[in-house]
């Protein structure tokens, strides 16, 4: 296990690189633009699932008297009657989350989370439900709120409430509702959490502001999002982080799946669902050749597109060359391309000047980390006409009739117009569960008041739990081989920095 | 241009091979299961386009008095008020059908269809509208009916009617409506068609049955669908075909685009929209390695699936091997695969025995030519439970809880759950227009009472009209090179059998 | 089986397209530049095989007294002592030619070539030896000469002579030797051939000129090369072909393997062996997108090259677009590319003007059908310096120091600088054997004095004999399925024109 | 620039992981089996370059009186007369090493190595010559010996000697010659080196043993090889490293090119040159899915092979799954595969038990880091017959006649049977030059007596110097964007651990 000092060095680098504009953002409401976390049922293109609540009951859940079939009322959701439908959704999700199911099986003997009291604040989806029920099987008590006002699957929340969970969440919360739910989750007479599972940092933030004393009992924070991790590093830097925190966002497995493998599929899916464009023969420019860009480029090349790449980093640029992509500046190809995709993590990559020069019908979308990459604001001028042609699809029309097809108003295409496979969510959920176990059971002194990456060995363990899905058979080192390599037979097999 | 005799030989082969079960089918209502022809707006997964008619007016269009803004009433559609919205759809389609627009431009001088009176029976979509307006620009008069009771875009029909076309079609016709529309299209006092453009053979069939004398004035039939072409070959074989007919279904360009290139994209699209499955690492078996199978395999391999192929033809089988796919019998892999895709054109490829042995969660779908490939009927037994989880997606549940995910009830996935890019439709429409021109202008004696393929040179011309879309620059032969190769500088460049 | 009439129609098309410059070429010595036929051991880059004869015996084989160990002297080769080494080469080749070995096994009962007297004129290689010994096992008597003065593997010829074959061939024949060997092969007192197996047409030509009466006994000609087939079509057209001939060059299986699959590998191999160039990131232009071009482009794209394509045929051009290649005219990219590859079958595709504009270090090579594609003659001018840097590699140096790297002096790269896998040769040899069987056993009247393609069913049979190599398992049609498709369960499965 | 502390932490991890068997190896003669470093002309398959010395002069260079045309005799090489030919080789190499040429250009003003006295011990090839002449242009004085007794290009050594360099090297040195040359290089009256450039650690080792006082003047060591870096880490760990050392082996750019990109091409090249095997349809197992394995798998998949992967690390295993490869244990597929490739870095991966079960004709080769992966020793038993069929190719024959095709006796295939592109060598040479500059110019205290990685920024600089080769255009950050990302506009753009 790595020392705190090592992480500290790491942190400094990370912060310097990735987290600018600190002061402005710290006190703002979080933008919550993580790469993802929406499950299948939330996708706007997949809304025809049967059984979703059309009961347009206008009463606020906060104003209703709520009870489940056992008489328990310590929750606040939309409609408990949807519990059966939600249960089926959870069961379907279970089938695609074999790693959590495997953890449950192992927990039949020992309960590594016995005594753990977890407060959680994440998207409330079928996959989250599988996680929560796994934590319970591992011995924990859970109370949960939503980390996003739109993303709750009401039927899943109902199933959880019916199953005895204290859930406070519904789809379409107001901002006031949002904080009210978090507070209800945390603030219970006679109950004190000792673990935090957060996605975005709002729960952590709330406790810091309102119940700072609670941290005395808390053994650790597990945080998934870029935004939340950023805040933790800031706290740590400012000397204000008073418990250990685990950054699960940067584990290798999660990163590869969230970025390279997931985006390789979602770029095609997102473009097809919104525009039905044919990829063959299209000229595409992909801005940025990190993991996301690599995934997008590989997929489009395979479908017969001609792909150009822009980069600022010469190492990634050289990789793009060796992978068979022409490395250009945006202005060299902007007039000729059919599709522009941003995945830089930067701001103002596609500015008005470029938009003015695009050809008629050019599709513009963003796969990067936030909605800053395309300067959408610059298109809100009087001479341009906006025409919504589908949900998530706008035609922006120039005075000469030229139309640009703007997807998701420049927000994340894969979040808005595609779905995240359960398999990817399974990797995250398993990582979160293991991080909770690690922090909860770590011997005194292993973790200090700092931000840590998941130990390599646990990262490898998450991966190994997902191999059976592919009927994949891992080779074991012989004693002699392990000795030759200087490795433990059970890993870790690579140094911590290995990607 | 090839001689009729040559085609006759060709026909015999074709019939022997592709068209079995003749007697049974000839008198049946056509199944209309062409590979495709649905445009974007009809796709069941893309139904959220704004402006579609929600006016649930229950009066049958046949019972309404209809007039466009110029007082013309020779049409029958759903709602003339939708004309503006339909016009915009047509304008958008025009941008992606540059070949037809190029034909219009060339028609400014000469009118190759001057005097032509075309009756048409096809899907009524924005793309068809672009075709119809092109035919008019080339000098033709057009009357049109729908070839499918569900596929009409009402707003497009409205725009056509407003533009002066005699259109008889709406979404949701009854079977009686269907034939009524065709009859209205054909049977007009003082007007006799001299060209037929058909998709499925129903229009041709109707004229044969009701107005056989009309064929005296008819110079030719252009038919697009597999089914319709089949019928024409039967008529020809039976000596009953009394005018020349052009089989545009088997032109090289159309075939490659409809099958290889289109399916390469639609297999991914169809699977994602229905199941959100992650392709990476999945084991897939593709039954059949013709053009459709080649497209499916290439796409899935590129997305990281492990693909197995079954084949009956050793030549295609050897191609599968050389392309890197394990050639297996279905029973060798049926227990282990995650996805089963049929594209054989055969029947009972996936039978109950195989369905019984599939693993839990296995996805089953069909990309072949009809709904016969998966023996869906065998799943309609009492011990199995069907559960519809989304439109086009059924879970079939075995007594032990095993679920098979059946897509589109075994009908064509790409027809039901995906869309056909306008570009592909553009190739078909252009081929249809050129076939009309060729038949209408051919000198006496070039075409006899037989079925013909589009002359190679015209096939090449269709292709050349679509190259500007890709900013593709064709090389021209020098005189010396043409002489060396024994070719005309303007083509045809390959023998007729070249694929 | 198809009728002669059908083939005749086919022939006319073929001739019109592919065979120009007829008069000039007919009386010339054939250029013998078939796509291939050199086996492993002949490749100039693989000359280090142990055991090759270094015995620089200068006596002409024609002047030596020759006898094998059994006292038989009806042959003329370099050195009978090399027989053992040649036998081992043959045994190794047998392992990679399972189809011929399978034919031998089946011949244990019946001898389909019993009574056949075959004269052959092909490259004399280990693979040919496997073919000859298979023909013998099938009941035939064989006499053989070489079709190329350089390509004989002396040790293989020795093994054949030792095994009792009448072989007349050695490496390094003079032109006079060449015809002398053919004559010895044909002209034997008391022996008259009844089948001809030719590669290039020289044997056929010789018999026509010298022994026209021999054709009275000859039941058919099997011809493999483009050149030889061309001559046969000319004879047929001129009404001078007096026996049936089988064109095995154009069978589907052979074409796909010789062109698409073989070139996909040999383009990489040929470039590496000659130049050690790194493919990643290189800009390459491929002239011609037929099967050879498709193979080259696919391979280079996979290795990370950026590939441009030129085409004259709009259909192939559109395919190039859909496969993800920019379609350009040569002059648009000639200044920027690192590698130029011709595969058009045309002449003067790369002319001096283009060579003048290439950048320093540009590699130029030809994968097409002959040495006409690059205008090498235009480089033989005083101001340019030629420098041979390796065998098959010349630097052509401009006055300003610019160097062009010209491979194989513009001859076929894959013939000169790469090797043809035994597996590909196996397909050809099996096709030849089956063609001999078909012609020899065909009932009176099936074949007339014309040129025929191998029946589709036999083409499929060749493919099926090669599937076991890949442990590939073919699916069989059920009776019901065969009936549904209107097919015989044993094939043919596709119409004759299917590619 | 990162602090020493950070590197120290890093070092510990590295050592623990990669360098086992320390004690045994430390006192042994180094095996010198780095991944590579042989240039084109040394490859055993490319030996037909014209002009190579056939003058089989048997006198030892040590016994000859040597002088160049200016009368200088401070060198010891094979034959000064080959200087002209060597000069041309150097000129050709210069064209493919634009980065070094760019460094020379920049050095026209300042001389960052003015005063540097570099002793070097590397392969003596044309590429090394370009490096040496660049160092001189940057202001350094150089003395050089060979790091391998076979790898010297005599003609290049001659050109260097003629150009005034003190070179001590020839092809075919004895072990005694080897150390004599190193000593001559170091031990010169009145001259003391202040920089060491080593490849394998022998030069460093020699100075440590013989001239430890020399280290007082030495400002740093630049080491390229795995072996040499390993030794340096050992010295450092033992507290015996008395100067800073730069590990250039582990820079990102070098790693990616040496492993992923280079092996992607050399696996195909090495297999073709030795066996002429056709890749299409072949079943291949690749042991190990690190960078080398990824390169091998990608190439073979693209060529139509069916590829299986074995792995011990679950993270790499999961990547293999997502990339479309079946993850197996070796014993599951060993009977069926046609080719076995090791790239694990481990020992005894392919043991006799597996070799016994392989099928006839199976090809076995190693792309990993040394000759330990295949247990070749186990094949040296009386019942097996070895037959050398080509250089680098052995048939090992079982009593039942089964043959295994063993390549390069289990040594590195890409070192033995393929070549390393100059472009890859250029990256290494540039990295070495920059490392020398950095160490030589670093302010007091930046580097301690430890082993360092090249600063990220320099790694990026190496990459940027190679982009012009691909006509690749890097995008520059705007001030605003740099501020947003918290980056310097000139880099470094990624944290140090980024791969």
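Letters A, B, C and D mark the chains as written, and numbering starts fresh at 1 in each.
Methods note: a contact is a pair of C-beta atoms (placed from the backbone, for glycine too) under 8 Å apart; a residue touches a chain by one contact, two chains touch by 3 or more.
Quick caveat, the model's predicted, so the values are computed rather than measured.
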{"item": "Given chain B and chain C, the chains that contact each of them", "value": "A, D"}
{"item": "Farthest chain relative to chain A (centres taken as mean CA coordinates)", "value": "C"}
{"item": "Separation of chain A from chain C, taking each centre as the mean of its C-alpha atoms, in whole Å", "value": "58"}
{"item": "Whole-Å gap between the CA centroids of chain C and chain D", "value": "41"}
{"item": "Residue numbers of chain C (touch at least two other chains)", "value": "261, 280-281, 303-304, 321-322, 326, 470, 472"}
{"item": "Chain A residues within the chain D interface of the complex", "value": "3, 5-6, 9-10, 13-21, 252-253, 256-257, 261, 310-315, 317-322, 326-330, 332, 345-349, 372, 459-461, 463-464, 466-467, 470, 472-478, 480-481, 483-487, 491, 493-499"}
{"item": "Touch list for chain D against partner chain B, complex", "value": "280-281, 301, 303-306, 321-326"}
{"item": "Contacting residues of chain A [partner chain B, same complex]", "value": "40, 43, 45-46, 48-50, 95-96, 261-262, 264-265, 268-269, 272-273, 276-281, 283, 298-299, 302-304, 336, 360-361, 388-391, 418-419, 421-424, 469-472"}
